[in-house]
Amino acid sequence: MLALASRDLRISFRQPGEVLTPAMFFVLVTTLFPLGLSPQPELLRTIAPGVVWVAALLAVLVGQESLFKSDYEDGSLEQLVLSPMPLPLVAITRVTSHWLATGLPVVVLAPLMGLLMDYPTQAMGCLVLSLLLGTFTLSLLGAVGAALTVGLRQGSMLMPILVLPLAVPVLIFGAHAVAQAANGEDPSGVLYLLAAFLVLGITLAPFAIAAAVRVSLES
Amino acid sequence: MTLEARSLGLWRVERCLCRDLSFRLGSGEILQFAGPNGSGKTSLMRAVAGVGRLDEGELFWEGNPATRSDGYRTDLLYLGHQTGLKSHLSATENYLFYQSIAGYSSEIGAKEALGRCGVTEPADRPVATLSMGQRRRAALARLLGVKAKLWLLDEPLTSLDTEGVGLVSQLLKSHVKGGGMAILATHQLLPGIEAQRLELGGKA
Amino acid sequence: MDKYSWAWFHRFASPPYVYRVAELWAPWFAWIAGLLIAAGLYGGLWSSPPDYQQGDGFRIIYIHVPSAYLSMMCYGIVATASTIGLVWRMKIAHTVAVAAAPLGASFTFLALITGALWGKPMWGAYWVWDARLTSELILLFLYLGFIALSRAYEDSRSGDRAGAVLALVGVVNLPIIHYSVVWWSSLHQGSTKFFGGNADIQTSMLMPLLLMIFGFTCLFAACLAKRVQLELLGRERNAAWAAEAVR
Amino acid sequence: MLALASRDLRISFRQPGEVLTPAMFFVLVTTLFPLGLSPQPELLRTIAPGVVWVAALLAVLVGQESLFKSDYEDGSLEQLVLSPMPLPLVAITRVTSHWLATGLPVVVLAPLMGLLMDYPTQAMGCLVLSLLLGTFTLSLLGAVGAALTVGLRQGSMLMPILVLPLAVPVLIFGAHAVAQAANGEDPSGVLYLLAAFLVLGITLAPFAIAAAVRVSLES
Amino acid sequence: MTLEARSLGLWRVERCLCRDLSFRLGSGEILQFAGPNGSGKTSLMRAVAGVGRLDEGELFWEGNPATRSDGYRTDLLYLGHQTGLKSHLSATENYLFYQSIAGYSSEIGAKEALGRCGVTEPADRPVATLSMGQRRRAALARLLGVKAKLWLLDEPLTSLDTEGVGLVSQLLKSHVKGGGMAILATHQLLPGIEAQRLELGGKA
């Protein structure tokens, strides 16, 4: 496990490009909006939670899309499948290290973006927390999609279609929580729900990913 | 320690690559999949390794079904068309990684193993900067780093120079002398290796 | 004994057998469906009075609710079949799943359309970003995803299993759809209390509705049987039994 | 040229996946917003132009990112460079056929998305026109970025960074035009500007792309 | 019709692959780049083809600098490690495409060319479904479809079976008999082909 995690992280740092894409992307989406809209502050403030969350969702999906691609192409995916480690464990490790390199930056950047859209500072905590829970769940979902589509010649478009239906609830609740916090209400209820999603994801996704990887390799 | 295949069958959409194919491999033996291009060597190799789809038949490792025994995966080392090297990591890093996730790893260090495979100077450069032959050699180094009973080598000689070919056959020799077994798929002949050949059907 | 039961199991799972069973049942389901739906339509469109607030608009419920309910039940079927296929490596189960998915998709679509049409008079808009509406839309996407994925592999042996994995992952969405009305404050109708003392739906409406629901279910069963047959023929196209089945 | 174009288009149709990704993406972004925000119609109406344009920009960039990647990996890029056809011509052909397969669907879908965010129907014409001009310009820009980064091991993140500064003006003017049209003003002035951008792009980009491709191959 | 290289030099970061390397190739001649793995054959080949970086020296095609003459590009056919086949298109489509963008294309149709290269049944399947050898053969078919004076073949024998090797040497023979010229980089020897060898520096 550790060996795998360290390998993944090392690779990530070797190609800052691939890794920072999601963060890039996140910043991009959130900054482009004020540019696209005529930026009245109060308008920005109302849409901030939605924008930030949508941006995060997109960023994660974009990041996950190629999660297993290079491993598949250079043949190291088969080697991982053949390794004595239980595949679901491999999967969760892979996702976690990838999230550390791609998802975490997004979460870290979120407050900054929040400030840009003058999102109330006292609610930042909720923003970060919700993203922390949400992005990881999304990474897990994305990983399932990526694993299912990596073997396909038709390419990766399917992936968003497959993942989105499951990702939307996370988005809705996440944005909801952030909005609540912004209006000074107590978001803990929704946050618990997000946490529940995460737990569900962590327990089920690894097996789905493992199965999907097997199928993709066999095709 | 034996690998036994009972009436294997492989299908690609409509096309039957092989069916009702059985073989038995004991320790110290080498089996070579032979056949023209497109006869199904790679597919069969992958199926035997457990990464490809096996449509019919079953594999037995030391008597019990390979699919359900983790022992099989720890005893097996598969080296395919794709070398499984990460192009961003150096040959050394790749070697150490595979050694660390292997079932049983040998004590041979990266420097020695890569050196014996003729990857000295480029050992610490990203694999992406290596030449084809150097990559192949870096991949072959795994054979030294991992203690696997069964080697599955699909065209191990690709883009190796004559000296590299010698290296492979010498590795194979010592492997079988140590009681290991191996399955090969190659079109070039390996000097001084006698293997039982399994002819696969002609090209459609 | 054990041997025997397995033999029986395999005979049951063998394509020709399933094909013949489907052949047998399809017409029955079709007829029953026809009768129930006819009765339901009569009851719904003529004998029951217009709703005091919605006028005749509410009658669309007789299409909307059955199709909405079927859209979900069908997904249940797909998921179950997929599980069986994955766990026991039964090709036939995958066949059923693949055959059922398009039906489910069309019922979902029907639910969406009827709902949208109904929404115009009720909410003044064809579409609102409401929880249940959204999740139903998502269900449609799930179906499409499943269909696309299992078709994406030119080798059905692989496509089946990929689709199955997806179907299982997607099961999470069912409770979300059903309870969406409860979780989010929603424009959409809450789960109706059909029976009991203070049922919020009168018998003159309930009877036809139930008739329609059962009718649709039978219709679905009939279509499924036929589609399974087609799928089987497609997959076993060069098997002996298929050849004589179509002769 | 024709041979190349038809090849590219055929490949595109072989992998609906890769091709429809941008369209997917566009639909995704535009539909996710109403979900993320609390969907009050009037709010949606105000932000619709910005959302649609940002979505389009992102979609195009995502689509261009891998424009030369597969050609580079399977070695057909070198073959194109070696072919007697002048490289800039090859480049523009490549971009055009790629735009037909990826950008055009976005433009076609735009009115639909506009309807979902009830954007005034009489202004649809301007929306489509502005996107028609804009997305092609963006494709050209994206292609330059893609050509510059295809050889890099560090991966493709650089691409957005390189392209964005040039893309932002297009975005701003595009969204501006659409907003104007929505408010019933006459957007023709801005549209002319977009057209000017496009002409500039078509004349200069091909040479930039050709040079970039040469550099990437030699690295 | 001659290709002349004057004091070529190739550098990778600090490392010098070759320097002050000159050769001259007339019609009907074959030049083989020889050397152990990593000696710089591929790099040199790419430089000569004009897709790789050439750090020193210059190439002359029929007397005038190759870099500036379009004639060079139309007369040349380069087949490298990557075959340049689009994996989504069939072998036939790939063949026709390369024929259509070539400087001078022969009249040989796809069916015949691929047939002669032993790609019959898989000719209309996406290349991605072909075996390694079949892909290589599909790529080699270009040699028949395009009328190029100068062939640059980098390891054309990769994953070809013995019959495929025979095919390549036979193609080469007829090419040089027709006054063509070729540069090869391969580790296996081609039966019945005599080529002047250009030894590249030992592996670092």
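Each chain gets a letter, A, B, C, D and E, in the order it is written, and its residues are counted from 1.
Quick note on the criterion: a contact is a pair of C-beta atoms (placed from the backbone, for glycine too) under 8 Å apart; a residue touches a chain by one contact, two chains touch by 3 or more.
Because the structure is a prediction, the values reported are computed rather than measured.
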*Taking each chain's centre as the mean of its C-alpha atoms, give the chain farthest from subunit E.*
C
*Would you identify the chain whose C-alpha centroid lies closest to the centroid of all protein C-alpha atoms displayed?*
A
*If you average the Cα atoms of subunit C and of subunit D to get two centres, how far apart are those centres in Å?*
39
*Compute the distance, rounded to whole Å, between the mean C-alpha positions of subunit C and subunit E.*
58
*Taking each chain's centre as the mean position of its Cα atoms, how many Å separate subunit D from subunit E?*
37
*Which whole number of Å gives the spacing of the CA centres of subunit B and subunit D?*
45
_Quick check on subunit C: which residues sit in contact with 2+ other chains?_
134, 155, 158
*Two or more other chains in contact with one residue: find those residues in subunit E.*
81, 87-88, 126
*asked:* If I count partner chains per residue in subunit D, which residues reach a count of at least 2?
replied: 14-15, 35, 153
*For subunit C, which residues are in contact with subunit B within the complex?*
154-155, 157-158, 238
_subunit C contact footprint on subunit A (complex, rising order)_ = 144, 148-149, 151-152, 154, 158, 161-162, 164-166, 168-169, 172, 200, 204, 208, 211-212, 215-216, 218-219
*Quick one: in the complex, what on subunit A touches subunit B?*
3-4, 7, 10-11, 14-15, 70, 73-76, 78-85, 217-219
*Contact residues on subunit E for subunit D in the complex?*
46, 49-53, 70, 73-74, 76, 78, 80-89, 93, 97-98, 100-103, 126
*Along subunit C, where are the residues that touch subunit A in the complex?*
86, 131, 134-135, 138-139, 141-142, 144-145, 148-149, 152-153, 155, 158-159, 161-162, 165-166, 168-170, 172-173, 176, 184
